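Should a chain be cited, it is by its letter among A, B, C and D, assigned in written order, with residues numbered from 1 in that chain.
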């Protein structure tokens, strides 16, 4: 699946897009897997610190994901 | 004192301005006195049907009035 | 302190139309402090309480209207942190779709601007000495005050 | 039924500036049903959380932003009786005093227009994927989400 990062997250992780092949069932699974990539990933992808969207809709930790989904992680939004 | 009427009240009573000489102490007194002028006055100046302002500020029945005041009666407002 | 704002509040009761663009520019120009601007515009609509309206005549109590609006604006200032406030109410004959009333408020925070703008309209509707007479397909008559306006004003 | 309104809602995410006068005209033209128009405009202000701001850069999630705004607008339509809705959010680099966001709502009744306009702003602030980076006198940094925005969105 395609994983995107935005704003501070994109900058701190120095990563805009990842392609993940692993079999994962939920946003929580994906988050846990990504957090293993290093200390910064551990810290900045913590629940509450990074929101998630699945296929361009805000998601919860339970939201299921499949290989064809686009998942995005980003900080709490600050537009307006 | 000068007494003014506006909108429907002005039309129904066919009166825009009155000059009242009597010694009256409150809006309630003036209202009662005016209501004696006839049936239409009785009906259309009833409390709740006609608001009062003393010197261009919304008043209550207790508001005191003197000979030099400008008192106005009008229907509930409908601007905006 | 509210008194000190009198010179930066703009209140007008007039026959002439107004321009939202001009009013908005006056709320914004040389104002880099306020990040939020809320405006309300009221217009003559074609249906009111089931009657087909073609025009309105707005009567008012000239000596009182400006003063009543000023008191409402100062009341708003005592409740919220506001930047600039502009209130315009038209009087006389107004045709369908014409603008009747404008309230514009700037503030640092949007919550204050929204609350003050709605508060001013709610109070204006129940406290400013203005009366509408409608010209409709069934003749001309005075608009009756609405209970809902009383309720909306009592929320504050 | 909310789906049916999609064609009369205008939602734009753009680099270009917008004109309040043009947006207001589009809310009003050939619209004699709605007597109330409420607009909100957000601008780049000089002070934010104590820092002196000279400009902002707005990043967003292009594939999602429009969709998120559309969902917020449809949510508003399900809660109030509304006429027309227009939402514009700018992205890219914005200087001090520039316009950031516009929300305009028309309705028969002013209470609906006020509530929907504020609701859309509150939801936009917590649900639309946009992020501000400030250029200030102490360097460049990402704006932190405010607790007050979360509280304001939870009221609805």
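Simple rule for what comes next: contacts are C-beta pairs under 8 Å (C-beta built on N, C-alpha and C of every residue); 3 or more make two chains touch, one makes a residue touch a chain.
Keep in mind it's a predicted model, so treat the numbers as computed, not measured.
Traced through touching neighbours, the fewest hops from chain B to chain C number 1.
Taking the mean of the C-alpha atoms as each chain's centre, chain A and chain D sit 26 Å apart.
Each chain gets a centre from the mean of its Cα atoms; for chain B and chain D, those two points are 47 Å apart. Centre-to-centre spacing of chain A and chain B amounts to 70 Å, using the average Cα coordinate of each chain. In chain A, no residue touches two or more other chains. Chain contacts: chain C has residues 42, 121 touching two or more partner chains.
By the contact rule set out at the top, the touching chain pairs are A-D, B-C, C-D. Every residue of chain D that touches chain A in the complex is listed here, in rising order: 42, 58-61, 63-64, 67-68, 71, 89, 100-101, 121, 124-133, 142-145, 149. By the touch criterion given at the top, residues 4, 6-8, 53, 56-58, 70, 72, 74-80 of chain A touch chain D in their complex. Those residues of chain C lying in contact with chain D across their complex are 19-21, 24, 28, 31-48, 96-97, 108, 110-111, 113-114, 117-118, 121, 148, 152.
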